[in-house]
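Down below are the structures I want you to see.
The two complexes that follow have chain A in common; it is paired with chain B in the first and with chain C in the second.
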Partner chain A sequence: MTSTATNIAGGEASRRIRWADMGPFIALAVVVLIGVLLNSSFMTGTNIANVVTRSAFIAIIAVGATFVISSGGLDLSVGSMMAFVTGIMILTMNRLEPSMGANAILVGAALGLIVGAICGLLNGLIVTVGKIEPFIATLGTMGIFRALITWMSDGGSIPIDRALRDPYKPVYFGNVLGIPVPVVITLAVVLVGAFVLYRTKFGRRCTASGSNADVARFSGVSVAKVRTMAFVIQGLCVAIAAICYIPRLGAATPTTGQLWELQVITAVVIGGTALRGGKARIWGTVAGALILEVIANLMVLSNMVSEYLVAAVQGVIIILAMLAHRFIK
Partner chain B sequence: MIEVLPLSGAVSVQPAGAASALRAEGLAKAYGAITVLSGVSLDIRAGEVHAIIGENGAGKSTLMKLLSGHVTPTEGRLEMDGRGVSFADAVAAEAAGVVLVHQEILLAPDLTVAENLFLGRELTRGPMVDDRAMNRRTAEVLASIGAHCGPRDRVGSLPLAQRQLVQIARALLEPRKVVIFDEPTAVLANDEVAALLDVVRRLRDRGAAVLYISHRLDEVEALADRITVLRDGRMIGTWPAEGLSQRGMAELMVGRELDMLYPPKRPEPEAAARLVVEGLRVDHGAVEASFSVRPGEVLGIGGMIGSGRTELFEGLLGLRPSQAGHVTLDGRAVMQRSVRDWREAGLVYLTEDRKGKGLLLEEPLAANLTLQALDRVHPGLALDRRKEAAALEKAVAEYDIRVRSLLLEAGQLSGGNQQKLLLAKVMLTDPSVVIIDEPTRGIDIGNKSQIYDFIDRLVRAGKACIVISSELPELVGLSDRVLVMREGRIVAELTGAEITEQGVVYAATSGQATGSAAARTETAAGERG
Partner chain C sequence: MTKIARRTLGLLSAASLLALTVTGAAAQDKKVIAVSIPAATHGWTGGVVYHAEQAEKEIEAAFPNIDVIVKTSPSATAQVSALEDLSAAQKLDALVILPFTSEELTGPVEQVKANGTFIAVVDRGLTDPSIQDLYVAGDNIAVGANTAKWLAEKLGNEGKIVVLRGIPTVIDDERIQGFTDVIKGTNIEIMDIQYANWNQDEAFKLMQDYLAKYPHIDAVWANDDDMLLGVLEAVKQSGRTEIKYALGGNGMKDVVKMVMDENPMTPISTPYPPSMIKSAIYMVAGQFNGQAPMRGNFKLDAPLITPQNADQFWYPDSPF
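What follows is the complex of A and B.
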């Protein structure tokens, strides 16, 4: 075979693949276009910044979920875990504030990352060592984390100490060069996530394990180790989301992060990551998170559809995305 | 190809008066341009057991699928009771009285025996299922074949042999003219085999025409009235079983000359053994073997499918539970036996299941090529895309992998090119011992001959190679030494002039049987998968 022939055919193949991967971004563009046509206040700077900032939590957690799902797992516990980690962090910060002042935020955040990683490790070990279906394992821990935050808050809320509100505020409300801080953090998480997933051996082993665990095993990949690590990454992402989330509402409650797992999985799946594993699309995941938030925003802005139906519209979106997937194939 | 029939005057003569229950004439099946079976003309008579024998891949299963309506023939015709018939599907065949008893157990383990028998054809009384009638009928059928389970037993709680009988009972729920058995004893132990053979005889004595497919020649000898031999997708002939010994059958199954497909044999290596395996027990003793292989040698592993060959090596690689056993590589004891540890030590295993366990079909070629050698190709933290592309280009050239584009996914390659990619993948780890399970399964002759050359080259370069193969010509043509497995044990070692197809077949199918634990584990694995 001549190299020219290879190049020509290669060009065709890569064009075809790129076209299929553009789906979520085209969808995002369409949704934004609809927003512009429907409502003049949609395209204002403040509204856009607001939408992107609000989508940060789901996007950050969904980056972790992209790892878990592409390695062949699933994590239903992220919403509850997020509430639990938030609670632990606030309690720690409040306890340390009298002696450390604003530095308590740093310690609390560090502890949050550790707790998140441990929660992820727990999920991972139940799935890989305990050999329990990820759906069931994380359904169990979802209940556990939710109950723990309810118990810790005694059914009410765990507010952050007043003295910490101001120093912590910029993490959600501040901006760097005009870009909201949560957006900067999201971008950083996505870039690191994309690097790990696409450019490292771990990323390669992760998708290999999800694509066909037997092939991975026969190739000397420790599938259990890889899947456990994916859950740990998920825990870390949840903790990072929690760090951004605390200054927004200043409290952890039993309803913090409720049903977020569904939004996270929706974002991952409409982003083009295969739910059965093997195909990971980090940037698609980000587009998915944005699509969900833009739709919610549009429904609040316009009066055409009641905002109580947001979840229904999001549900329609995920089904449409899956159908589109099938027909493109 | 020269046909040498070792038995003169054995070609069948149709005796007048024998009632032919099912008759095939010039039956052929092709998939696209590939003919898998052609020129099969045979008749199965009421009250006889007609055995079909042949090597793996000879076309036995295709033939029985054609006869039972699971597959429609591209040529030829079928006749029942003198009238031409054609079966649109298995249901139509069953309606006409032809039923196939599948080799795998296809039963719902959580349902009762009666519920399984009547699954999809439940008896009803008004809107409700009539359990009492179904249980009664089930008990009758079970009794007629001598099964000891009851209609209300849960299938999952029955031993394998009883489940096999339930499967047969399901096939016999309606009266049948022709019953086709596909390797019915593959999963059974010896005493269970005897009971099953009795069931078959009972069916025959009641006037059914029985077509019996088996690779166990001892059973065929004990059971068959007539024997039809298939070879390479063609029918060789039909003989009366009387006067046909097991060795005679083996010769008929093989009966062909070796051609120039295989590289010349290498001189006997002088080096000491590189890999020595002693008393390795796999799957809790279902498979147990000791063997060694020297550098510069191709060690062939023969035996029927289910004889424990694959299990033995998956156990050696830590892919199945293995116990005990002392393993040394170049004189050093190997303690950790995972795929990863073996790769570090310089031993790799190429799976027989190219699509299920070998390649990520939806991933690009480069990702597949380097999966087993990621640390070698990418010593740093990040993936080195350029190095990976270079490795792929080198592999494509070296192993002559024909691709339209280097950006294809592995699943887009032909079988032969996938196999070469798989070979390139494990060779990228630079092993000193290469174990290849079914090196050329399902690939065309051109790619085959290339793969044989690769194997020859790597052995001449001082590596040790173990080839597991169900294709006898391949095993004989490639190997410097052959170990034959039967029922989880190595039963023969053939060297030099002893390496013949007849020799391998004879060792693999005859002699003392000690139970078929190995076959059972394979079935269990299949059920899990």
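What follows is the complex of A and C.
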């Protein structure tokens, strides 16, 4: 299921667009090829599994961000929201553990989804009903969520109960038929996301609202409703990422998810979604998330870059990827 | 507004003014110690806030003539504003400050001193040391050096190790310098040093990458205990067994607990205790009650935390 399925332009045009859509995947292939050439340990099963599993959080959140951005919004609060939802979930699970045992994980996860959706709804309503620029609105909630997790943890950390660590562990460290669980969850989220975005009325309304809000409104689309819904989807994705995140380190701290919002937005844009809205590429987003994580991995594996310059090289690679994308078009 | 109403209002405001002066006069009898510290944005500063608040409670309960005001700030600029607000609102008899950065806070602290305030500086010294009457700090070089000495001895001066460093700052540089200087005198090879920003998640990822890159690692040093927790998780998941030691530093309570329980991979830590803010507040309070004035520089050592002495470094109620 690729984005071209929705393209109804003529033969010549569609072939060109298909090439442009391949941009992020070509970039990913190039980065992987460089990795193979640089270091023999890059292609080992463990390393690949590590990198793909690690990129799950950014990928899942970025699926939600694809909805928000393509509908003409922007969410800077995702990193803080992730930390906040994580904190709420751990506190709930710890509170319920004595009476419910391992089932506390299920209740905590369900509550996490609800809290995530409410946080997203809050962002959405501030943007649509309050008519505040999404950049400023979510900058505000970013501070609020970050302060809440800091307050909940007294600036320290909120660890999960020891008794819950073992039953919860497989959600990050386990695998299904050899595929790590977080990757399976990511695939599920992406498939559902792609279906909603490309095969439903809501998905088309989403990109329509982002491409030209006035035209969408005249065609009978409730732009405010669509954008609010996109923020709710974002909140749910954040909660799903939080569910996979907790078993990795078993704690929430005030630095959890710090600056993830920038990685998420970068992944979405590298993937071919237009930052100004109107164009959504879910599979490209996943490629974008993988590219970011592979680059970070390569920076450590190769000995060529001074530890002081890692961020600069990452920046250059991201810009090169975007330029290549432009020229392929 | 009628004449009467206006007069009543005037009377009321005059009365409130009077009340203000009276309370102001009453406050004059009390010695005021202002404490300006960074807000709790990560584990260590969380500990600083905790210990400062504990000190406030204990000192105010013990000495009714001393008023301690704790003010936290999220950034250097906010801390400068906080200093202005604190000194504008009342006469400060003493200021205990943990500056965000030395350069930006030196000028504002000098202005506070010009009003006759006793200045105690904690952790990061001012650019002009003559401003501070009292200086209490930890020893970052010793944090690195003591860990390195212990590790070199345990490894018999041989082996391959990897290091995780924090955020590019003086603190980070000093710890790395203390560590590498000692290691240079041995046959131990530091295969890699990379930044993980004192962040558990980033340390987890970096350690995974180290494990993929190097087939044999004898020991790991993360220059902060927060990062060590991420490192341990990555090592555990990899199933690698050749790693003999994974060490941290800072004396975070989770890691001190591991030392107490004689964890074979992390048998020691080194303190860089956030409680140094409390030591400084107590030293300052000493001169306002009990005539025990203290001036000068106090450098807290970073002795090894071992299973034998771990209980002295263990603050179960602190967030850090």
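As a working rule, the second predicted complex is superposed on the first by the 301 of 329 C-alpha atoms of A that agree within 3 Å, B and C clash if a C-alpha of one lies under 4 Å from a C-alpha of the other, contacts with A are read in each partner's own complex, and residues count from 1 in each chain.
Simple rule for what comes next: a residue touches a chain if its C-beta (ideal position, glycine included) is under 8 Å from a C-beta of that chain, and two chains touch if they have at least 3 such contacts.
Quick caveat: nothing in here was measured; it's all calculated off a predicted structure.
Novice: Touching A:Ala208, do we find chain B (first), chain C (second), both, or neither?
Specialist: first
Novice: Is A:Asn175 touching the first partner chain B, the second partner chain C, both, or neither of them?
Specialist: In the superposition, A:Asn175 touches no partner, neither chain B nor chain C.
Novice: Just chain B (first), just chain C (second), both, or neither: which does A:Thr46 touch?
Specialist: The answer is second: A:Thr46 touches chain C but not chain B.
Novice: Let me test your reading of the model: by the given contact rule, A:Ala216 touches which partner, first (chain B), second (chain C), both or neither?
Specialist: After superposing on A, A:Ala216 lies in contact with chain B but is clear of chain C.
Novice: Enumerate the residues of chain A that count as touching chain B in its complex and touching chain C in the other.
Specialist: Touching chain B and chain C on chain A: no residues.
Novice: For a test of understanding, state which residues of chain B touch chain A in their complex under the given definition.
Specialist: 319, 338-340, 342-343, 349, 351, 353, 356-363, 367, 370-372, 374-375, 378, 381-383, 402-408, 425
Novice: Please give the residue numbers of chain A that touch chain C in the complex, ascending.
Specialist: It comes out as residues 39, 41-42, 44, 46-47, 50, 54, 150, 153-157, 159, 173, 248-251, 253-256, 258, 296-297, 300-301, 307-308, 310.
Novice: Which bits of chain A are touching chain B when the two form their complex?
Specialist: Residues of chain A touching chain B: 1, 5-6, 9-10, 12-14, 17, 195, 198-201, 203-205, 207-208, 211-212, 214-222, 278-279.
Novice: In the complex formed with chain A, which residues of chain C make contact?
Specialist: Per the stated touch rule, the residues are 39-43, 45-47, 49-50, 165, 168, 192-195, 198-201, 204-206, 208-213, 215, 226, 229-230, 233, 237-238, 254, 318-320.
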